[in-house]
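A, B, C and D label the chains in the order they appear, each numbered from 1.
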């Protein structure tokens, strides 16, 4: 694919962002592209994902709404059918003779963020802003999916000898799809795994050959159940779920920092109550905690659970906590990182190569990396710098499309090089 | 209407609770009943309500959903058409010769509460539980509407000489319809106004001839707007709207009690944020404050505004506050209350008459009462006791249907008596 | 005593305010005055108070400091000795022949408030501002003690036939002395009990013949004990008592208002921690809850205890709660109030008599009132209006000294009248 | 000094811990020791400290109390006189011929912590527990001062050729003395500066040759001033300083973590209000913020100021904030660290040498280190491992006295070695 084709595909995907497990249109569009190749295998639906390990799948009504929208947008009904029930994503296998099996993992989901309409925001200015109100590719996964297709094409057209497996992973943003993809079996024979992310505050022209410092993460969903009462006539009869939640929020953010390393906490979603004149019977929050190590994450989760329990107690509310999606930390293997770095230095447009960097965030690519490493393989998470005006997860995030080609060149180059590597 | 007919109509309405401004089915059903009578006039839609004074009308999508549901439930399309845009409720005028003009106001809206499915809950046990999930007649307005029809029929069949105007008012629960109905002009010639409420902790057989102590009330809707950020990678770049809201909730409930009398505050609805891993850009709360007098309510509102403003400031958020629906306090006129009491003492099944009682809540009937009193008329708010297992605004609220007849008899009897009253 | 003598005594006491149980100088000064009379008995120290019922007595070091100060101020060492250990206050018995036994209770303690130095503040302007920094007669008990002496003199010089018992009660402000005085036995033969308070927002010239509406009150002292840690090097090892306290404060003020009547809550004192760089091991709060009835006070106390317990739990702290001083509500007897009112109407300078009013605060005079009423006697709490520039318990509170004579005249007049009342 | 002499001096100092700027006895005792040597100069009082740069000096009454206590403990009155007004600490200059000028800085202050009385706590078991109730050497500064004397003696008795300056610095715990000592001029000619700390989670036998990772720190003292009111009679008239403080505490701990590195926040002291029944007019908190870099500390301070300002606003309180003591971060110079490491490896009892470690706390030794480095000199902060049962700043902290000799040997050895270093 030339640069124009990459840009065009990326923009198409950008227009149709779909949050976790709702990537119906996106998957169908990717599969259409995949069908251009002479693949050994193309896994979609339950063949691509270990169903029981999917985390954070929305309810049927929500899935149906996005499924219908994908249909209306012209997605191939036959493909869609295979994805029913939120089995989005795909695994493509390209065999090119003898040689190592190399995996490349890209994620494909969007975010529940309203995209900027500002003139300075290129997608708005150039007419490819999100058509799905309230959803946005605000983390570059549209670019990742595009790079994935680009790499596949480059390898298919190259002299590469070996097998390339491409993992189009859904639901990264909710730490929901990584484990399900890692556990489906397609990684068993993968000797080298690459994963990629654009941006991360690295400018266009910079490549990070080996990202570490993935924060371990755990999601928590807490529901406070009290008792409703007429707020004017008998406020004392209520057990106020909103007051309980509010006390919990104050104290979750107040969990003590830890001297062993970085921690994080965020209450990302709240909702509760039904009307101004009713003491709220129920309130719910969705939170996450992170730690530089799994231990630090668990410290945060332990403290968070205490906070939630006692905050409920202050207002005589019952509490249910669901510990949701979790991801471990992982390390990039230096040998593989070094190969990536070597290749990157020779790529047009690449002006700097960082040997390593910390992500400072979480990623469920770590499930796939650990799976490969457990089997004796090597893994490396690659950063492709791109000038991005707004931060990740903000309404003005965007990628410099010149960098799509960088990603393809670095990754495809590395894969080719691996075919020659003595085992 | 005999008791069976009253019970049957009440249960029919109970099955189809519709919250404020969405009483499409309810209004249509009431209008059907009204068409049985030889009315001088029947006002619906913009004829019944001063549109600009309606408060808390939901957006078009929400209205459309309930409108469609009413259509599907078999409501008369022609009537529905007149109600478009949330012009629910009706005013019926029955002329019966020379004499005073008497008004009766009943409210007709339901609440956003999920009705109990418990066996001990009569509507569930006897099969007339709400068919609208998440909505419920949890304050007896189904009974009020039924009593309204019952009184109309009783007067139509009586020797009453004068004019009866029946006000089926929508949106009482959001303090949204009273002012719009009071300002439409139909009260101008009303000399006596009666309003009615069942229950209020008074048992079956008890009548309260004159309720006072309406708490003045004001609704507030506050939106905190901060800035989203990736909660793992750059939490410091966020301006956290959920933390701002949470601080506001703590401090709203903490507004100092007032030595001049009763005050209330409630944050009834909260919502905010989009995903666990995004620092929330936006959060919203819906609250109400009340006071035993308008001054006390204004003290609460003033303090609430300060709290909201500064809570936003703590997290560098912008704040918008909409001061929503408000209702004043009002007093029942003793002369009219005394007539009600006299009539009540002679009604079958009535075992006790209280001269007066405090509501301890708010009501936008006060707009209608004050309008009539301003014109020199008399107003009286009448309580009809009914054993209710759960409190008002709770999932197990119910009315003792034996009391429907009490309400009809006391009100119709009073109206008849008024025809004979020397001016 | 003429007006000048009353003013002079009041100012002397005003200069030396002593908080609860520290009224050493004040008691000694009162006893000096009492020694002018031919008393049947003068009880001080453990004879005046049931020691085990004293509440809120400070520790020995604190008592010693105020004791020494009283000595330095020239208080009679012999009298002081009798008060050791915080047995302040006195009971004086004046026998004047056959007749009823009448009690008058006045309180004598000051408050821990820094008195205003403003020019508009009369005590500052006229040179009798508090000489005890941080303490102040900000509730008029200097006037009460003065009126007590004035009444004793007036009765001693009158034709009154009967017995007058004067109760100079300490520690009213901490609800600490009333029960101890009520339980000491001196009320057993008291047939009529009067108590008096100046001000209460009633202007000079107004007398309230019978105050009711005493809020029942309960004090709570909570200590949170966590674990200290170095705030920089190992914050996660701390269990933060200050965070626990802060969460408690938020939620104590957030206890739901009650539809049965007025409630109050206040956290009046906080302290905790030792240094900026140490996670606080300990924090303490002193709070009070009140209710229009004992039940309402108990509702507040029950909720407060839940809040404290769970707030401690959020931060893994231990909690100890001491439920401190409490006082019940009480009612003035109408028969006695009516006599007070009758007398008041004839007193020079009295321009208005209110039949009753609500205190809206708490008072441990209620212990004495209830004790007398239990024995079949009558009690009445009398308000003596006085223009006061600042509110009670504020740095600019002051009394209009013209009203000292009103108090003496109304109370002495009532006592004389009681001698003539047929039993 | 042999080990016994070191232990004996350390225990003597341990018995008399004195918090920041109150080290009267400690300084006098150190000066007594210093007088044993043939010093070129001995600076105490304003000669040792630049008065205007002292931070966190307590008020006169507090100073007087500790001064008197030192007198009573038998400190030399003549020395004490020189320290009046809180000019504690000392600078000793030992000249031993030609050669480099080397500085050694030790801190000498205790902490406001109540020392454990537990049997397992050696100072309690062996009878040298703190005699100053509420104060404790809980961070090992007693050991530091002792090591300082030990090093001086070792050098005086050695062949060292050059000048040794010993800085006995007061008020480290409040970040109060470092700048004042750094600015007094005695560092101008210092070519090498050593500083030392025991423990820090390093066991006996371990030496850290170069500690970095000092957190920059800033102290904040905030006073909220509202308005007092009677909590029962007119709560609405209060402007509640305790509620403001409590909201501030919640939100200070809730300041977002920063992706650039470690941050800290602690509210270490709170106090407010005067009585349970008075709405608190005033409340005060003492807090600190830290950051891995000065920028991070400033981020925290900026956010803290916003929180404080708006929290005051919620309750209509005025706010005054004093930004107190601050310290920058600093780095140990590798050349000097390497010399320390070389010496340490040859010291008896030293079993391991770490090349560097992070402090993870703050230290105002950084002022002295930066001053020397600014002048072209080298600085190194040395850790001397010691088994400590409880953590720093806890009631059971203690040092393994065997390590006193390690400290002396490593530091004296390094100083001797420096005399031979080619410039």
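Everything that follows uses one rule, which is that a contact is a pair of C-beta atoms (placed from the backbone, for glycine too) under 8 Å apart; a residue touches a chain by one contact, two chains touch by 3 or more.
Nothing here was measured: the structure is a model prediction, and the numbers come from that model.
K.L.:
For subunit A and subunit C, what is the smallest step count along a path of chains that touch one another?
P.N.:
Steps on the shortest route: 1.
K.L.:
Let me check something: if the centre of a chain is the mean of its CA atoms, which chain is farthest from subunit C?
P.N.:
That would be chain A.
K.L.:
Taking each chain's centre as its mean C-alpha position, how far apart are subunit B and subunit D in Å?
P.N.:
66
K.L.:
Suppose each chain is reduced to the average of its Cα coordinates; what separation in Å results between subunit B and subunit C?
P.N.:
For subunit B versus subunit C, the centre distance works out to 47 Å.
K.L.:
Two-or-more-chain contact residues of subunit A, please, as numbers and ranges.
P.N.:
Residues 233-235, 240, 243, 247, 250-251, 253-254, 256-257, 259, 264, 279, 360 of subunit A touch two or more partner chains.
K.L.:
Which bits of subunit D are touching subunit C when the two form their complex?
P.N.:
On the subunit D side, the touching residues are 111-113, 173-174, 200, 215, 217, 219, 227-235, 237, 240, 242-243, 245-247, 249-250, 253, 264, 266-280, 283, 286-288, 290, 324, 359-362, 391-395.
K.L.:
Once bound in the complex, which stretches of subunit A touch subunit D?
P.N.:
Residues of subunit A touching subunit D: 250-251, 253-254, 256-257, 259, 262-265, 360.
K.L.:
Note which residues of subunit B are touching subunit D in the complex, please.
P.N.:
233-236, 238, 240, 243, 247, 250-251, 254, 256-260, 279, 299, 306-307, 309-316
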